[in-house]
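Each of the next two complexes has chain A plus one more chain, namely chain B in the first and chain C in the second.
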Partner chain A sequence: MLVTRRSILWTVLGLAVAIAILMWKPTILVYGIERAGLYAAVAIPMALVLGIVHIVNLSHGEFMMVAAYATYFSARALKIDPYLALLPVSLVMALFGYVVYRLTIRQALKAPELNQLILTFGIAIALSQTVNLLFTGQSWKMSLSYVSASMSIGAYDFGVYDFVFVAAAILLAVGLRLFLTRTKMGKAALAVGQNAKGAAIVGIDVDRTYAFVFALAVGLVGALGAMFLTKQAIFPGVGGPYTMKSFCLVAMAGVGNITGVLWGSLALGLAEASMNGVRELRDWSSIVFFVLIIATILVRSVKEKKA
Partner chain B sequence: MNRLLSFALPLGCLALVVALPLFKDLAPAIAGPYPLSLARSIFIYMALAISWDMLFRSGQVSFGIAGFFGLGIYGSALSVLRLGMSPWLSILAAGLFAALVALLIGFVVLRLRAIYFSITTLALAEIFRIVLHNGGSFTGGPEGLFIPKIISSDNATLYWLALSGVVVALAASSWFERSKIRFALTAIRNNELQAKSSGIGIFKYLLVAFVVTSFVQGIVGGIQLQSYGSSSPDSAFDANYTLLPLAMALLGGVYSTVGPVIGAVLLGFAAETLKLRIPYGHLVVYGIIIVLVILFMPDGLYGLWRKRARARRSARIDARMAAKGASRG
Partner chain C sequence: MKKFVVALAVLALVAGASFGQNVIKIGAHWPLSDPGSAESAKAAQMAVDEINKAGGVAGKQLQLIVVDDEAKGDKGVAAIEKLVTVDKVDVLFGGFTSGVEAAIVPTLKKYGIVTVATGAATSGLVENPLGPSPDSDFYFHLHPWDYQQSQSEVDGFAALAKKYPAVKTQKLFIAYEEGAFGAPSFKGWKALLEPQGFTVDGASFKSALQGGSDYSGALQAAKDFKPDMFWWIGYAPDALPLLEQAKAMKFSPPIYLGAPPSWPADMAASPLAENTMLFGMWSPAMNKISPVSKKFYDAYSTAFKVAPVSYFSALSYSGIYILAEAIKKAGGVDKAKLIAALEQTKYVSPLGQTITFTASKVIKHQGIQNQKILQWQKGAQEIIWPFEAQSAPLTYPLPAWK
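Let's look at the complex of A and B:
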């Protein structure tokens, strides 16, 4: 009863904020939702790894960055659209993720949490600096005509291309839900995530499941890297903030709560878009996220202590 | 004899290092301007590495070294420019400023553990950077601040200044190692619940460790400012000031004072040679070192050496016992 009352309260509050923004500057609502789509889509694979392999992967955003570079150079060499390279890049990234899992993560599964943390941090540095070594710190961008597609409603003009990220986020959320509840591998993964020992006892190959889930997550974030490239400039450090943002969203939602990731992204996206919409606050919009992450973490730790 | 050696050896080394600039005419290859400036940058990283390890002894991984280092840089610059403080005093002020900030946020942040603590320290460093970046003319904005005169243009003086940062870090670290703080931190790291039930004031010790390490990082930041003369948000809070000390401490061996020192010397020289050959991406080596050390050598070089020494000692004792047994039998 309490839960439903609270969820009603939140919905009402959310609607009120949305209406307020709509009255004030409608384009902010659109841009906020578009931003939220990207954040959620990147965060969901991280939630998958955290929920099942129980590893906080601090190299998450860097995998996306590597995929974006791979897409850029293959698309340029073959003169094809990045979307055509999406599937091959994603598969190659999945394989790469598998190799990284085998060589590093797997060895540290039983190590203290601190070691895992520093390990994935090291992987993140190694990835971004390898790219830096190969392609220097220069930034690269694709110029595609369709990304500037826009639409106007009444007096307001806004870009609509970024809704592909919203679509991707929803697709990922629904797809993962179906995968985890309907397929054999997904059910096994869910069981491993809940209790690895128990899963092993009933005959699930835990190690293979971990490897599969990690590779899947890297593959998914790889596909997003290809999409990311279509809109944004890429440089070696571009993935770092997405690691942080994903972690923040996953922490905010709590382990295993993908719907929560969607709502969190929406809040973050709208907050950033509103700050960007006001000239005086624009410089401060990058601080929103960091304040939000600390607030989230503090609230979570208080909640956990109570429970 | 052994005990005497264990005191004399580090002191002798320290004396040699201190006296290094005096040999500039005798041996310019190791005491000329270039080696001295290389040594200075190694000292800066070394002090940061030691301070990172001091907090790591309690089991908390800070990703925010650059944050407090940057606060030290700005603390020193602002107290010279806005308060008219003397440069020497401003270095102390930088340390105190960083310590004060650490004290205030420590009350909240130190309730967090594991990844939550680490990510929060990382986010705090970013927040400091953004605040100083957007601080308008008071903080110099994106261009940062220039102080009219650095503390000295003499290489030897700057060398000793950087070295004194290391000495502060060493002093703090050996205080941690020789007092009961060491037992408290180790107990917290090993099993917090057990430590708590044995009556250790966990929060108090964590706060002391956090404030002292931030003080050291602030001092080092002040030294950095006073020897280079400029501070900008991007250079003061450069992620390298988090990354390099962390890699140095891990490679050398964590939970000790000696480890970070060894690591800083090795990686400091390595970084310099690599930087000259590979302008972009030489940091990849640090990433790989972190990964390899965590996977294959979690105790670091010093830990490895210590383990081997212990094994050798126990083998010797075993052999002696066996010999005794044989002669008796």
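Let's look at the complex of A and C:
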């Protein structure tokens, strides 16, 4: 009953905020949701790896960058739309993720967390420097007319293309939930994530599950890399900030909490867009991201202490 | 056998020493992952090869030693230390970012080796620490300082407004990246333009280089302002996403101008770039009016199987020739003689202007003092101003997005 009341309270509060923003500046709501979609879509695969493999993958954004480069050059060579390259690139990235897991991550699973962090940080540097060597620091951007799709509400004209990231985030969240709760491999992954030793005792191949989940996450972030390319210019360092944002969101949501990532992204997206929409506060919009994260983690720590 | 080895070693040492005496070493640094800097390094090497093929200077061959400064101050300092103490270069050359140049100024001053700098525009970071003559007399700065660029661009738009009466320039909105490049530039522009009667407003955005992806706040503020001119100061990855969002928001100001240090590879191919404007010092369009530019362009294209696109390539190529001519005039690399010879420089450059060194606000040896206004037309950067270098007429206003 308490949970229901709280849910209703949050829903009403959320709706009130949405209506207030809509009345004030409808574009803030639009851009806030669009930002949230991008943040959540990129962060969800990281949450999956952290929740099940228990590794903070600091090369997460770099995998996205590599996928974006692969998509760009294959789409350009074959003269096709990047979306047509999305599935093949995603599969290749999943395979790449599997190889990276086998060769590196697997060796560090029992190592201290700091070693794991250094390992994935090293992978990030290796990926970005390799791309830098191969393609220089030049930035690349495909010109696609559909990314400028727009809509008008009253006097406001705004872009709507970024809603593809909202759709991707929802699809990822729902798809992963179904995978984890309805499939044999998903249930095994969930069990391994909760208690690896216990899972091994009941006959689940933990190592195989880890490899599959890591490859799946890299494949998913690879698909997002292909989508990311349609909207943004790519360059060797493009993935780094998204690793940082994803890590912060995952930390804010709690380990492996995919729904939490969605809500956290929405809060951050709306907060940033609101700051961005107010002239005097615009320069502070980058800081709000970290202020909200620090506040959330602090509140959670206090609650846990009390409990 | 032992005697033979010793004799061989002595011979090698003597040959090495005499080879060293026959070479003038130029130590250069750039962030080589930057496309403009990579072009700079190639163009400088091309100039060195051309000069050596023609017999060298002062009876010696030139040797270019390039170190990657990675656009990091500490790496820049290490590069200079290595070039001076290990490679024992005779002159220093190159540079791109103001941040690195600011970091290396104390080291440059410590050694006082004659330096021809090709980059670094932020006067507050570089020119002021260099200080006035005679302390900074070893330093010859080719690229215009920020305040010189700004004033020349203002002059350019005034000239355009005079020639094309329909052109309005009084109301300016600047969208600028919030970091060390955009924010000080905006302040500088505002301080320069408002006393000259311009109405200036601006808004910051987070550059894609720092993980930004949404320019809507700055673009909406610009749209509400209804400017005559919209300028943006950011980096190459911002160029096309900004245009795409401007189109989505139906924001098409009469003049849309970008001022990044370099452009994305696909800018020319984008239909959205058509009729937008930019600042620069050189583009391949210069070939239409300058035989020196055409000669440089053709030689570069033949040597590297790819055409140069950045003005930094033409600037570095010019710098090596300026240095070579001065060494020839000085009869070597004696510091005082070389400085005196460089002061007499009159080099007809591929940039469409004759380069000389005159005093700027602080230092005594400033090369180029102005920028050009260019416009993307049919995938090419056409020169619009100065009129003596104009390669195509201005297209105005920017048509509404279709």
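One rule holds for everything that comes next: the second predicted complex is superposed on the first by the 276 of 307 C-alpha atoms of A that agree within 3 Å, B and C clash if a C-alpha of one lies under 4 Å from a C-alpha of the other, contacts with A are read in each partner's own complex, and residues count from 1 in each chain.
FYI, contacts are C-beta pairs under 8 Å (C-beta built on N, C-alpha and C of every residue); 3 or more make two chains touch, one makes a residue touch a chain.
Treat the numbers as computed from the prediction; the structure is a model and nothing was measured.
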| item | value |
| --- | --- |
| Side-by-side fit of chain B and chain C on chain A, or clash | clash |
| Partner chain in contact with A:150 - chain B first, chain C second, else both or neither | second |
| Chain B versus chain C as contact partner of A:60, first or second or both or neither | neither |
| Partner chain(s) touched by A:251 [first = chain B, second = chain C, both, neither] | first |
| Contacts of A:136 with chain B and chain C, given as first, second, both or neither | both |
| Partner chain in contact with A:283 - chain B first, chain C second, else both or neither | both |
| First, second, both or neither for A:297, with chain B first and chain C second | first |
| First (chain B), second (chain C), both or neither touched by A:117 | first |
| First, second, both or neither for A:104, with chain B first and chain C second | first |
| Set intersection of chain A contacts, chain C complex versus chain B complex | 132, 136-137, 236, 244, 283, 286 |
| Footprint of chain C on chain A - complex, ascending | 27, 31, 34-35, 38, 132, 136-143, 147-150, 157-161, 231-238, 240-242, 244-245, 272-273, 276-277, 279, 282-283, 285-286 |
| For the chain B and chain A complex, residues of the former touching the latter | 59, 61, 63, 108, 111-112, 114-116, 118-120, 122-124, 126-127, 130-131, 133-134, 243, 246-247, 250, 278, 280-284, 286-291, 294-295, 298 |
| Touching residues (chain side chain C, partner chain A) in the complex | 31, 33-35, 38, 178, 203-204, 206, 208-211, 213-214, 216-218, 220-221, 235-241, 244-245, 247-251, 264-266, 269-272, 401 |
| Residue ranges of chain A touching chain B (in the complex, touch as defined) | 56, 104, 107-108, 111, 113-115, 117-119, 121-134, 136-137, 236, 244, 247-248, 251, 283-284, 286-287, 290-291, 293-294, 297-298, 300-301 |
